[in-house]
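Chain nomenclature is as follows: A, B and C, assigned in order of appearance, with residue numbering initiated at 1 for each chain independently.
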Amino acid sequence: MKKINSLQLTSMVIMVIISATFGKGFYTLVKSSGVDAWIGVIISAVIGFLLIFLFLYIFNYEPDLSLPEKNKKLFGKTFGTIINYLIAIIIFITSVSLFYDLIGFISSQFLSETPILFIGLMFVFVIIYINVKGIEVISRTAFILLIISLISFLIGGIGLLNNFELLNIKPFLEFGIQPPIKGSIYILMLNIMPTILFLIVPKNTLVDNKKTNTYLTFGYIISMILIFLTVILIIGNLGIDLTKIYLYPEYIALKRINIFNFLDRIENIIVIQWIFCLIINISLSVYFMTNTIKKNNNKLIVYIITLLILLASNVVFKNTTLYNAYVYNIAIYFKYALLFIIILISIKIKIDRMKKSKEN
Amino acid sequence: MMKNKILVLFVIFLFTGCYNYREINSLSITTAIGIDKKDDNYLLTIQVVNTQKVGSDTNSTGEQSKFITYETKGETIQEALRKIVLESPRRLYINHLQLIVIGEDLAKEGISQIFDFFMRNPEARKQSQIVVAKESKAEDVLKILTPLETISSKNIVDSISSDSKYLGVSENNTFEYQVKTYLNDRQDIVMSTVKVVGSVDKGENTESLKDVSSDAKVVLQGLAVFKKDKLVGYLTEDESMSANLVNKKVKDTLVNIECDKNKYITIELMKPKVDISPIQDKLQMKIEVNGNGNIKEIDCDYDLNDIKVIQEIEKKTEEKIKQNINSVLNKTINEYKTDIFGFADTIYKSNPKYYKTIKDEWYSKNLENLQIDTKVDFTLKGKGNIITVIPDEEN
Amino acid sequence: MIYMLNNIEEIVRKLKKDTKDSDDIIYREKYINRKKIYIIYNEPLTSSDKISDFVVRSLNKIKSITGLGLYKKIKNSISNFKVTEIEDYQDLCFYLHKGFTILLIENETKAIALETKANLNRSISPSTTEDTVRGAKDSFVEDIQTNLGLIKKRIKTNDLWIDKMNIGKYTDTSIGILYINGIVKEDLVNEVKKRLSKINISGVINSGVIKNLIVDEKVKFPTAQTTERPDVVSDALLQGKIAIVVDNSPYVIIIPALLQDFFKTMEDEYGKDTNVSFTRILKFLAFMISIMTPAIYISLVTYNQEMIPTDLLVSFAVQRDGVPFPAFVEALMLIISFEILRESDLRTPTTTGSALSIVGALILGDAAVNAGIVSQIMIIIVAITSISSLPFTELEFINTLRIYRLLFMVGAVFMGMIGVVVVFIIFIIRICSIESFGKPYLMPLVPINLSGLKNSLIKLPAKLLTRRPEYLSNNTIKQRSTDDEE
């Protein structure tokens, strides 16, 4: 049985959490909280600990089984399968919108004349390739891509720090604490909820499973710090008015980087980190879905699921206005459903554990 | 298996089929755009880099100008730009745009349309400079060839950047910054201006480059003041320097004080620190200027080793700076009725609740009633290489 | 088939028939006490000095003996150490072709084979392909015994175990598998032996053939190292790797080989740690430059012109003015011509080699620019690319670079920078999924292994390098220790 490292698992989790910030995460955050978006990030980071604790709780229960198997064990075969499929459908919907994010961004900024379907086909190939190889390749690739992303984030951060103006994030809390809380809910649901993906790996297949909990917590803290820095640097650089009107403010802000008059125009290189994070997120989602349906990577299922994602993202989202409206209003309800399922699972685990300790 | 994958990859690549492929030689690299308005139509002047290879045969007489100018007309800016293709064989590429020149008439009508066009276009880089052509048309500005820089737009851009470093008359603000200020309802825009000095016709051919002192030149002038998106007036050079000082955009500048009749001392003010702070819950602002400086040139016969003399020079400098600031404040607030220093913004950012009460009548009443206390603190640090004044031969 | 060796005449007749009465095989009859003895040897493979010294002289010393003990007497009195008894015809042919002299004794069931091999090797000389500035200059030759000797000279311990095998139906090549017992991992040895035993081939000409048969075929990256130098082999053995020595080949295979091994040379052991780290980082940069530069240039010039500063863009545009080919075709043409130059440089004799390459490189490039076929910047790009691929010693590695370089260029020409990014991700996925005999190719980076990291891309001072990395060896006892601890 091939084993992966807990460090690699953590790097996958970090990339999953950061990936949603680009595109829909940032848009909803800025639209709901305005200038106080960074306060929203802090609030969500604090509340997110509860979520992470929940996830770790489920993770540590029955360390030999992956999440679908745990559900089947907890709820019996039929009900467990229903829950598994529900989770898989919600993750499918999430990955469709993430895919649209990726393709839309590339199509609007770089390759404006290429048909969207073909750009999507390119990425579909990458995702199929990485899934066919298995989870250990996904995790190793995630680790290397994370290192590259961190380096480019560092360069981007230093560049943006030069032009940072504190005045741009004032006034503090003009409309009270309500908007940041609303923004923090968006971050919680859109960024942190997808962390459920790492539950697909049974704990015992990790090489050093003692350290996994600490690594995952550290990974969560690091990713929240990164999101916080991103939000505050972008708003501090562009000002809230510009941020609200741009389509991809995260990308536009990078255009301002001018380090020593030498590293100019490097926004294309630095934005690669977003592409990496999105790809790893979608690959992990596909892996999750294939393992829910059938254990041990069936290649045909991988092909079908990925192509379905491609088709769905083309058909459902016709233009950005629809997409923005969807993300702001509807997407969050799916995540609420996911949260409900997670809470259900953890309550059932608690009941089971109490039953077991009563029997003993 | 690997072969299958490579085959699939290659087939996919074939599908994506180089739709966006564009060779460099099929692009017209635009460095400057001038926009004028004429009978409800936009008149565009576009300056494109001439990338023709100079032939290896050295028999060709005359130099090629390094840029080509096109002119088009259209109802909107985008339409005018597309019409270039009727004249030029290459596709217009505005990513390397360095300068946008706006004609005076268009500026008086309103420039929000220009902002909208350039912000929406993903190819346009928002770090270009935007200037107003004072008492001229944009096409006149762009048609002048200049020595020292092969492309005239680069000349203007570099002038602005070095001017803002050494003199402080124009401000080195990118297009994006102007849009940001414009979108912020609580501050008004200022822009650098250029003006064509001399006869336009003479400046248009390469002959003028060969003269040491050419006839037609493009010169930077004082700032243009806008109210919302319409041009309302200009500032003189001294006023522009003070305006930039208060806006914290000045690095080094010069102050002239009169010590005797028609005799002046020139003081260099280095890296001044300006702090604008509102007084809580009152219609009152405080401007504090702190700076050091050196004596650059002195005409009066003062004894520079006397502490009292130094203090007097400092005091006079402070007064002069204060006078300049007050005059620019007077002009913009009372005469033009614009708020280019963002006083409203400052009040809003520190005290949003109070701002709500004064917001509605800001332009009509409150701006004029705003009480501004200016305080200048200047320290004379150095006198240059000599410690006394070289006297006039009077005896 | 077991032939009884009683009737030696019949055997001689069969031998003559099987070898078509070749003149190379000499049959000499001798009578001792009226018993006939055939001395058979293969002339090109044997040295006649040894035969006359050992065989004939010893045989002449044997005087009158009773008939039954002749065999034993001969066996005991032959003053040659390597004496083997043969029992059947297959073995007889086997030893005959190995350069042994066969003594067929009448009416005996066994025959004697004596080692009288001639030395058909060149002497030990410096390596032509791998060179060090300060290392030992001896390199392997074509004889397996000499090669084993060169290794054993450096590792003098009982724990150096050698397993021998013969592979190849017609060539019957001897192969030695070397490893240090106690350091190497058991399953690695078993895996190697398993793969070697599966080989069924008609002939093994040199070690490259064996290498291709035991590594994973689908992988384009080299997963086994070949070297011509015994110090490299000894160092690898000490780390816990396995060396395979093949007869008739001066190249020894080292298994497993990870990506970091191609960035290391033996110089690293002799140099200061910071200098070594610098060199390794430089090699890594050269690796990246060599793969990605043409692709990046193509994408910058055709898709992403917004990434170049304006002045550079104008300069590119002026240079490319009048060039008839699109950027991709230009790059392809130049790279192909450079590769042709490199290949021809390898094959021309050294006397004319250097002159031709100077002619090729300079004049071809310069003339092409003046003729207006390519632009100047493309010459520089291709030159940088090709020079960056030269710091690596392993030829396989350089060849792999070529494939990926082409793939990157294809990606760049179709989708610009995004194509380069996509191919980059595919490249990383490919590297991450390679395993060399069970060890992930990117050890010690991924999965992370701290003791391995200390000597991979950067080299920490020798005081900190005290343990062997666990992925190669279970014996992580401190290798270098200046204290008295144990």
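By definition in this document, contacts are C-beta pairs under 8 Å (C-beta built on N, C-alpha and C of every residue); 3 or more make two chains touch, one makes a residue touch a chain.
Note that the coordinates shown come from a computational prediction; the quantities given were computed from them, not determined experimentally.
Trainee: Comparing centres built from CA atoms, which chain ends up most distant from chain B?
Mentor: Ranked by distance of C-alpha centres from chain B, the top chain is C.
Trainee: So which chain ends up closest to the centre of the protein, judged by Cα positions averaged per chain?
Mentor: A
Trainee: Cα centroid separation between chain A and chain C, in whole Å?
Mentor: Spacing between the chain centres: roughly 47 Å.
Trainee: Averaging over Cα atoms per chain, report the distance between chain B and chain C in Å.
Mentor: For chain B versus chain C, the centre distance works out to 67 Å.
Trainee: Take the average of all CA coordinates in chain A, do the same for chain B, and state the distance between these two points in whole angstrom.
Mentor: 43
Trainee: List, in ascending order, every residue of chain A touching at least 2 other chains.
Mentor: 110-111, 114, 119, 122, 129
Trainee: Among the residues of chain B, which ones contact at least 2 other chains?
Mentor: Expected reply: 9, 13, 16-17, 20, 125.
Trainee: Multi-chain contacts only, two chains or more: what residues does chain C have there?
Mentor: In chain C, residues 303, 306, 415-416, 419, 426 touch at least two other chains, as defined above.
Trainee: Please name which positions on chain A make contact with chain C in the complex.
Mentor: Interface residues on chain A, with respect to chain C: 4-5, 7-8, 106, 110-111, 114, 119, 122-123, 126, 129-130, 133-134, 137, 140-141, 143-145, 207, 264-266, 268, 272, 275-276, 279.
Trainee: Any idea which chain B residues touch chain C in the complex?
Mentor: That would be residues 1-2, 9-10, 13-14, 16-18, 20-25, 27, 29, 31, 49, 51-53, 93, 95-96, 98, 123, 125 of chain B.
Trainee: In the complex, go through chain A and note every residue touching chain B.
Mentor: It is residues 108-115, 118-119, 121-122, 125, 129, 167, 170-171, 174, 238-239, 241-242, 245, 252, 255-256 of chain A that touch chain B.
Trainee: So in the complex, the part of chain C that touches chain B is made up of which residues?
Mentor: That would be residues 218, 220, 301-303, 305-306, 310, 313-314, 316-322, 326-327, 410-411, 413-416, 419, 426 of chain C.
Trainee: Which chain C residues qualify as touching chain A in the complex?
Mentor: Of all residues in chain C, those touching chain A are 303-304, 306-309, 415-419, 421-422, 425-426, 428-429, 432-433, 440, 442, 445-448.
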